[in-house]
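Quick notes on the structure that follows.
Per-chain numbering from 1; labels A, B, C and D assigned in written order.
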Amino acid sequence: MEREVILETQNATKHFGGLAAVEKVNMKIYKGEILGLIGPNGAGKTTFVNIITGMLPITAGKVYFKGQDITGWPAYKVGRLGIARTFQIVKPFRGMTVRENVAVGAMFGHGGHKRSPREALEHVDEIIEFVGMAHLRDKHADQLTLPYLKRLELAKALAMDPELLFLDEVMAGLNTKEIESAMELVRRINERGITILVIEHVMKAIVGVTQRVFVLNFGQELAQGTPHEVLNNPEVIQAYLGEKFVERFFRQQKAA
Amino acid sequence: MSKRLLILLALLLIAAMALAACGGGKATQAPAQEKPAAEQKTEQAAPSGGGEECKVVFGAAVSLTGKYAKEGEYVKNGYELYVEEINKAGGIPVGDKKCKVELKIYDDESNADRSAQLVEKLITEDKVTFLLGPYGSGNTFATTAIAEKYKVPMVEANGAATKIFNRGFKYSFAVLSPAPNYLRGIIDMALDKDPNLKTVAIVIENGAFALEVAQGAKDYAEEKGLEVVYFDKYAKAAKDVSSLITAMKSKNPDIVLGAGHLQDTILVMKQSKDLGLSPKVFGFSVGPTSPEFRKALGKDADYVVGAAQWTPELKYQSDDIFGTPQHFTELYKAKYGEIPPYQAAESAAALIAYQKAIEAAGSLDKDKVRDALAALDYDSFYGKLKFNEQGMNVYKPMAVMQNYTDGNLYTVWPKEAAVKEFLYPFVPWDQR
Amino acid sequence: MSDKEKKKAPIRYSPLDGLFKGRQGVLLGLFALFALFLAIFPLLPFASGFWLNTLTLILLLAAMAIGWNFIGGYTGYAAFGNVAFFGIGAYGTGLSMIRLGLGFFPSLMIGAVAAMVFAILIGLPILRLKGHYFAIATVAIATAMGEIADSWTSFTGGAAGITLPFFSPIEWSGQFFYYMAFLLAMGGLLLTWFILNRKMGYSWVAIREDEDAANMMGINTTWAKVMAFALSALMAGLAGGIYAYWKTFVLAEEVFKIEYTLQMILAAVLGGTGTIFGPFIGAFIYYILITLLVFFLPVGQLHATILGVIIILVMVFTPKGLMDFLSGKKKLSVNALLENIRTYRV
Amino acid sequence: MESLQFTQGIVNAILLSGTLTLVAIGFSIVWGILNIINLAHGAFLMVGAYITYWLFTLYGVDPFLSLPISMAIMFLVGYAVQRYLINLVIRAPLLVTFLLTFAMEIVIINLATFFWKGDLRSVTPDYAGLGFTLGNVQIPYVRLAAFIISLILTGLLHVFMTYTKTGNAIRATGMDIDAARLQGVRIPQTYALTYALGTALAAGAGTLISISFPIDPTMGGAYTLRAFVICVLGGLGSIPGVMLGALLFSFIEVFSGIWFPSLKDAIALLVLVLVLIVRPSGIAGKAFYH
């Protein structure tokens, strides 16, 4: 059975001056899945998300969301259409309380046109509870610790009622225990019917939550497949760990 | 907590009120006092019967700080010198008695908003009898409107722009010659010396006063058969006029006239030397008559002529408290240690205009004095004091002073007042 | 949502304003008293022309500061050229009265609309600029506008300016302009309150805190920013129009002077940027400070110096304004004053 | 005769660009490294000019000889100001440093007016106003000298920033403050040093300006604005960029001064806004502090 494609890029390309940050990437995201996007530092993962979501103008190529061409749309339109994202470097609205932060998503996001600020503020209680921040509801965002800021990012994105959610390194900087609960959270979000693209360096998380993984290197597709396939792909290992390491790795394997 | 807040806000309110009660400015004399309105009324009314204390209070907002601080000081000096002298003589005669004169001066910080605000304070809070002018056309423009609103006469001495008087105001009078007349004396003098002069270049500071000066000069020059080959303005507070000098030089004018103020006049002279602009006559509306001009330029000030509303050498005779320009100069020098600039003289003249009008009216009533001012025709130490329908003194000629090679300033025009011959022509920079 | 949940989470509906945290009643009451006092002020026996003049100046400043707060305080764009809107409002009103022979109110509308349109036209390109670049672009535009008005003799009257007729009857002009300024300032406060309870208010604050995030969350940031700019222009433009008629003349060097921009920013900063009442109270604080300085300093020339020192001290110790202390959000203490340095020093 | 206007204009513009380079370069360094728009820049320039004036008037020191003195004095002042004032709030939001330096300008200008009065003053050595003619074009000695000295100082600065350890530390701080810290660069001192360099260069420019133009306490503001325009035109963070920006600006200023004298500043400022909109990184530049 052909799975329903929720987002598709065709030859998506982004150049900064002469530098190709993303080069002709073709990616399909299927409805309901959790897709992992991995790659070494500087591989263009965040840039890729930026050009899809309209944070950066795309140089060439096309982006389709549920069959609709959204290439070059401004970010706010993309957001209202049902694509939400978190930021690798957290971007809370520091002058607002947690509730207000999340309510902004409910006010302006997908379906936000239906809500007044008052309704949005009421609406977000459930989401705040869902991410486990009910006790911090009326705290100012600038009083939160990093793990909670990461969760706040999630809550803000969720409040937009997205169909597709990009999670950009929500687990970086967290300790093992925090990662565990974040993974659990991602799974539960997915259970709500939200398709998720996870950018992550924490391999454990990738293996733990994703069904499929897409690898970028130097802005180009390197591989895709199940987490297991991809992580045992020598090219991927080489890209990640450098040639010397790979040689040593295979020597050791042979020796073993 | 909310109690603390309440107290804070209350304090704020009280502070605001207390402050404003003291007024927006600092009086230099006679601290402000709250007086019941009734008492004030009797004070303003014409004095009846002797014995009672009688005084006239003149109020003014003058620039003691800010960009006109220097000129403002001259104005204040002029006002104060008159007050000191008249009080020595017993005061201003009103009817059959003499009234002491008091002066109330605030600092308007060279700011038109402030000036208007302070004049409103002088009228409504301090209840002064009459108003004197501030320094500069901008501030005068703002304050005359307030005087008009409250129907209090204002004789001003330091706002020459005619647009101040084009509004049909009834209560504003100016003792100085209006702006368009400023450069006429210089043109007359130059043509008198050398009728072969053909071309004039005029550079203008982009300001109300200077624009009127320039337009007046242009009209007059053309009337006298001169060709105006350059006529352009530079921004107020310009720091570099090289481009205009370059443009003027390419026209090779016989006469260069500058309409502006001291600072830009100095700038024009400096850069004319830099760029080798040497006409036969260099003349300016404001600047060359000020000691600052010589200080800033040194020898390069030589030969430059400037317009003057008044000079210490003029040959006026009067029966006013000063008598002659020379006597005024002596008194001023004794009190302030320097030769009086014309701003001081015209400021004192404003008070003389009041004195004569009050004497004629025989009363301190504002409307009566206004009518007397409108009818005034008096020869003072400063020259003729007579106002046209608009309130301008168009009857007094402008004098011309020249920076002589001996480092002094001399009156060189009009001929009857000249103490030295007009040095002509301007010696080109490269021949010095 | 269940009833139980509603009970345990009381929602504050206008929480974007720092002043209103938890003590709405008292403050609103106090403010209402003050507003009432201002409303009946001209009827009081000691309300002389000077008093009206002074308060009119303060209220106009307050109105402009309230307007600046939209773009500078809530949206977080350091606009340093709001005087341009004041000037355009003044010229628009003045020219409509003189050249078109319109009455004051239609002219005022024209002036204000002109200021808003100008804000939208320049806002679209320059609101894409960030930080310093935006700040200086606004300064540049304001300065250039002043110079153009000063030189365009055939249209604006150039450096000679334009002269407006007096308000008639002249005896009531003090009261008339006082109430105009009063209504404008009060209208500005209401407008702030209104916007903060709308999505617009949330978009402004979101943009201030993080524009990228705001954009990604579905906020049309360009629209929101331009609206903030245009509304601040509206306030300044109305103030300019009232000012022009009040002073009966419009002169480029007066209505475009950068001091006005500085004054509105200082008023907003002193009171507290990004709060409803901050700019309003700040205008009074600013004026009192200035008056205090003029009064108690024997050397006139030094009061600007002292004002500068005060700004420096405020910037170093309490750049968020005095509002935090006034509203009890922070306790006034040495520690609180040093907190800013601890946060921002290198 | 129109051609004289044109050639003289070109010469004026080139000579002006030297001084303006010096004016803008200190401003550019402070902006680029510290990310501060130093609105007090012009005020420091003015103090430099006054130091020259007083040394000349009171002690007869030749204005060109006073250059190192005014630069040294203002270097120390700038160091102290940054170390003990601006460093306290340097990471605060833009509005704070903006208003802080603005307030510093107010304080400096008003103190200067208080102590030295507001009148226009001139440094008038014997050779002031002298010059030679090249064809029809007048070239004043002092402006030529100012031009050459500006270029020399600019060159020295370039050498300092490129080849000395301290210069490299400053540049490293501008590029990546954390990396610089890890390398052992003492940030507060480096910041203070950078600011001191900026004020010293401003003072040097003030000295040179005082020889060709009259000075007064409010003279600085116009130069601050020009420095900003030049930095934007040339792009932040490169010395050649500033030179190019200064040259461009001088031409705009001189020729708009000839053709539309009263719109001189307006034209320069509108060019600035246009450049900002079209090419925010400047014509030649790339920012090195982002």
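The definition used in the following text is that a residue touches a chain if its C-beta (ideal position, glycine included) is under 8 Å from a C-beta of that chain, and two chains touch if they have at least 3 such contacts.
Keep in mind that what you see is a predicted model, and the values were worked out from it rather than measured.
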| item | value |
| --- | --- |
| Shortest path length from subunit B to subunit C (each step joins two touching chains) | 1 |
| Number of steps on the shortest touching-chain route linking subunit A and subunit D | 2 |
| Pair with more cross-chain C-beta pairs in contact, given C-D and B-D | C-D |
| Chain occupying the most central position, where position means C-alpha average | C |
| Remotest chain, subunit A as reference, centres from CA atoms | B |
| Mean-CA-position distance for subunit B and subunit A (Å) | 74 |
| Averaged-CA centre spacing for the pair subunit D and subunit C, given as whole angstrom | 33 |
| Geometric centre distance via CA averages, subunit D-subunit B, whole Å | 38 |
| Centre distance in Å when subunit A and subunit C are each reduced to the mean of their C-alpha atoms | 41 |
| Subunit C, residues touching no fewer than two other chains | 147, 150-151, 301, 304 |
| Residues of subunit B whose C-beta touches two or more other chains | 69, 206, 233, 235 |
| Interface hub residues of subunit D, defined as touching at least two other chains | 262, 265 |
| Interchain contacts, given as pairs of chains that touch | A-C, B-C, B-D, C-D |
| Residue ranges of subunit B in contact with subunit D within the complex | 67, 69-70, 206, 232-235, 237-244, 246-247, 249-252, 262-263, 266-267, 270, 273-276, 292, 295-298, 300, 429 |
| Interfacial residue positions of subunit A with respect to subunit C in the complex | 53, 55, 74-76, 78-80, 84-85, 87, 91-97, 99-100, 103-105, 107-110, 112, 116-118, 121-122, 125-126, 137-138, 156-157, 160 |
| Contact set on subunit B toward subunit C in their complex | 1-2, 4-6, 8-9, 12-13, 15-16, 19-20, 22-26, 64-65, 69, 107, 109, 112-113, 116-117, 120-121, 123-125, 138, 141-142, 145, 148-150, 161, 163, 166-167, 206-208, 210-212, 233, 235-236 |
| Residues of subunit C defined as touching subunit D within the complex | 72, 78, 80, 125-126, 128-129, 131-133, 135-137, 139-141, 143-144, 147-148, 150-151, 262, 265-266, 269, 273, 299, 301-302, 304-305, 307-309, 311-312, 315-316, 319, 340-341, 343-346 |
| List of subunit D residues in touch with subunit C within their complex | 31, 37, 85, 87-100, 102-107, 110-111, 113-114, 187-188, 191, 225, 228-229, 232, 260, 262-263, 265-266, 269-270, 272-273, 276-277, 280 |
